[in-house]
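Chain IDs A, B, C, D and E follow the sequence of writing; residue 1 opens each chain.
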């Protein structure tokens, strides 16, 4: 088993762990953390694939590496946006879970 | 594959909205809507030019002169150009509609919500154009994220806790979808060493990895499209947003991820798809129609009704998948069925946007949108009432709407392939649509409840825009006459033929029955027998829209699809 | 050969100091002494590793950068230790 | 020599990993913070050693970034767990 | 021996991820997440993705870590969240395990030898004038992605801004932060940023030919700016500031202008004429650096005003 395969398998486990967290945690902040774990797992998987494609004197496939850098930045902006939304929710209410009050008996109308 | 000279137009169509967004941010204050207006005019011209070019041949552009697989290519084919045209019409209409709502209030230099709205509208547009024309799976991922980032803040422009919660749900669920899509992209690169759609379509073979990829990517995109049972975020988000924002979200945003599924199934890996998976997608569509419509009939608020009708209409968009599966070739094939699907998307985009606009106008005029108390609205807002009726008719698929044409093509395909069950779904779906349209119209036309309330004035421009959009949807069927579309001639030969009229009468009658059966009524009246089923369906829907259930459905769907892909080939 | 010996001796000592830091972090009874053990030991460990690796580098610039890394870690480590110490003192509910 | 370097890198990593028990057990937030600091320093050392093994001087730049940003995260953490969170840290 | 180091790092990484996901205490999970980010840097070095290691260490560990801590602090006082039911947990474990198993099977089923675009990059890199292959991909071969990514960041910032309370628009969002001007935090906020500035510009400058580049540099600069702000030595600019807005759009607009110049000089949008390829790439990077720095820093939300104060 090569190092790249090992990393690929580890990435699969990370993704599995993150997916568990995404489903099981009720707290949005923990979901955001889990999202980041899944994200890094996907990136690590890509890194393993890039390492497999090492040739022409490069340590890995540079196209995949470049894509990853873009992906990491995009994932960060998603995290920042979700966190900002969560904090804004916190500033207007105490209840920060995603579970909604039953919609059909909703008292306050939309704007 | 080779580049076309007019290809630069595609780059313009993608980048102009973003450039406009940035300049509008720089301009700030009262200048933001003006810059947005100029941008809209520029993009409309660009898209029109693209349409004229694509009528002859698809456009291709290699960015930076680098050919795939190293570089990124943009391609505008027929479906892409068609979708771009539809989006252009809807965006322009929404901009006109929202001119008054999102003007900077007197006395302020700049206000938050208007600035955000105009910037996000342009961003949604640019992202959609990117998704329609991009030929590279990773660029498409960036486009998807752009679309999500532009769409989510529209939900919570008013900053109330409920809309913030809806927006956060939407964002987190959509992000889960993005990760699945990205995972698929990475795996595909690991097998084929390219991300270019056209290059991939030539080499992709069914294998463990490609099947996993198709299952993961489709599941991820469905989460963003909110196909039942993955509609966890849609009703609160679409119902809570301001009317113009709801029109963007419902009419446009969900079409982006839907279109990407179409690309994936028809262009990237048509040969990986199996009969079973196509049926599964269609079955989920059918379930969406039934559940979405019944829950819509039971709503007490107009905007939630329209939001649930979107859940149902999204189901409609997936009925073409089983009918487009060519069993003899064992692959997806486009043709008339694909055209029908695109027509359906087009008519839904226009009709649903105008329906949300109408709902927003009622809300503004009456100060509420409780369906039971809509009485007298028709007298106060005749144009908007007409808009609502026409949008409903267009969604039902009455001659000569785009949905009619689409339905006719799909019915023909279903008859052709002997898949009679889709005929039932198609006609039943139309009856449901008729049901909630009739339900609302009856209330609108009812005499006002005493005492007469103050009715606020609404913008005439907004009313007329909504009407025009509904009219566009109702007349969309005439595109069949355009030679470039490639539809068989004579599809709308005689709109007043007895058989057509009979179908319409049957569908409307069925709709009235359904409305009578499922709708909620004052507690003094004895509920109909069917209401019992309605309550059950409603509770079922509420259960599915809990986070754990929805995320489990997401992965369960991926698993089911992977299994069907695997077993379909073994047989 | 002599340089190899240099590397082996110093890097080994670095490992020992990291070990000392961990033992201190795990075994010392209260937070302040744990902090004390940790900040001394791991900075020294890193420093020894850096000095041990110096002869293996090709350029002066790389060596300078490597020493700079060490200085940076020491600076931030010292400041953080101060802040953490404040924190431990402030939080009255701390049990040794 | 390569074997020795990789071996010591492994050793540092294992030692630091054992230190992470403090992350799990606490008891205070400060203890968790210290464990993270130890991991930061340790992984910097491992990184430098590995860079020497693969003869890739750019790894030193990575170590530079890790050192700088872990200081930043550490400061944020101290600020985040300090009891008088709204105001000053002193 | 490398395999041992790989395995040790990966086992530790998985352990930390498990801690982040499974831990009960949110603060402890966030602390684990920061450690996880640092360790990821190491794992990326092992995978010989030096550029990615830099990005992951800077963004994944540093910036995201700081973001999460701030969030955890402010959510401390929120109503407790009901834990998941046992049934959900069991099913979630099943789904996670199934996902990991399927992906592992996919990893093992990948073709050998692996496809790669590395030789294609190597064959064309001369035309771009830079020597770092990743910079060549990011700013020449797939420059559209990089341009769109800058737009993604800008859009995320607009989204974050759109959440601001109406009363604060168009001024400074959030409360200015304060700290004892003679304290340690103020001290390090004076000492560290100049160092960070040097490192940032060094990484930026190195990026053309060695690992490094604008993203990593911008993250460092953003972190230093945030440090200054958090010590009360500086303030975030008001959202209406012309300079701020000009800085926010400078990168993408500059990028597009260079791309348009490509139409004139090479006939292709984003094309780089061989003679000026490197100067043009550097121009784009210089235009992007302030934009990325500003956005990355402003995406970390400042404390919001309490409602009573608003």
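To be clear about the criterion, a contact is a pair of C-beta atoms (placed from the backbone, for glycine too) under 8 Å apart; a residue touches a chain by one contact, two chains touch by 3 or more.
Computed from a prediction, not measured in an experiment: that's the story for all the values here.
Once chain A is left out, the chains joined by touching do not break up and remain one piece. Common neighbours of chain B and chain D, by the contact definition above: E.
Path length between chain C and chain E in the touching-chain graph (shortest route): 1. Distance from chain E peaks, on a Cα-centroid basis, for B.
Between the chain pairs B-E and A-B, more C-beta pairs are in contact across B-E.
When chain centres are taken as C-alpha averages, the shortest distance to the whole-protein C-alpha average belongs to A. Seen from the Cα centre of chain C, the chain whose own Cα centre is farthest off is B. We define each chain's centre as the mean of its Cα atoms; on that basis chain C and chain D are separated by 10 Å. Separation between the centroids of chain D and chain E, computed from CA atoms only, is 19 Å.
Between the CA-based centres of chain A and chain E the separation comes to 13 Å, rounded to the whole angstrom.
Chain B and chain C, compared by their mean Cα positions, are separated by 58 Å. Multi-chain contact residues of chain C, defined as those touching 2 or more other chains: 72, 75-76, 79, 83, 86. Looking at chain D, one finds that residues 29, 33, 35, 56, 61, 64, 68, 70-71, 75, 81, 89-90 touch two or more other chains.
Across the assembly, chain E contributes residues 2, 30, 46, 48, 50, 63, 72, 84, 88, 91-92, 95, 98-99, 103, 106, 110, 114-117, 121, 141-142, 145, 149, 152, 155-156, 159, 163, 165, 184-185, 188, 192, 195 that each touch 2 or more other chains. Chains touching one another, given as pairs, are A-B, A-E, B-E, C-D, C-E, D-E. Interface residues of chain E facing chain A in the complex, by the touch rule stated above, are 2-3, 6-7, 10, 13-14, 17-18, 20-22, 26, 29-30, 33, 36, 40, 43-44, 46-52, 55-56, 59-60, 63-64, 67-68, 71-72, 74-75, 78-79, 81-84, 88-89, 91-93, 95-101, 103-104, 106-108, 110, 113-119, 121-123, 133-134, 136-138, 141-142, 145-146, 149, 152-153, 155-156, 159-160, 163, 165, 215, 296, 299-301, 304, 306-307.
Chain C meets chain D in the complex at residues 4, 7-8, 11-12, 14-15, 18-19, 21-22, 25-26, 31, 34-35, 38-39, 42-43, 45-46, 49-50, 53, 56-59, 62, 65-66, 68-69, 72-73, 75-77, 79-80, 83-84, 86-88, 90-91, 94-95. Residues of chain A that touch chain B in their complex: 15, 19, 22-24, 26, 28, 31-32, 35, 38-39, 42, 45-46, 49, 52-53, 63-64, 67, 70-71, 74, 77-78, 81-82, 85-86, 88-89, 92-93, 95, 98-104, 106, 108-111. The touching residues of chain B, when paired with chain E in their complex, are 8, 11, 15, 18-19, 22-23, 25-26, 28, 61-66, 69-72, 109-113, 115-116, 119-120, 123, 126, 130, 138-139, 142-143, 145-146, 149-150, 152-153, 156-157, 159, 164, 183, 187, 189-194, 207-209, 212, 548, 552, 555, 559, 562.
Only residues 70, 138, 141-142, 145, 148-149, 152, 156, 158-169, 171-172, 175-176, 178-179, 182-183, 186-187, 189-190, 193, 235-236, 239-242, 298-301, 303-304, 363, 368-370, 538, 542, 545-548, 551-552, 555 of chain B touch chain A when the two sit together in their complex.
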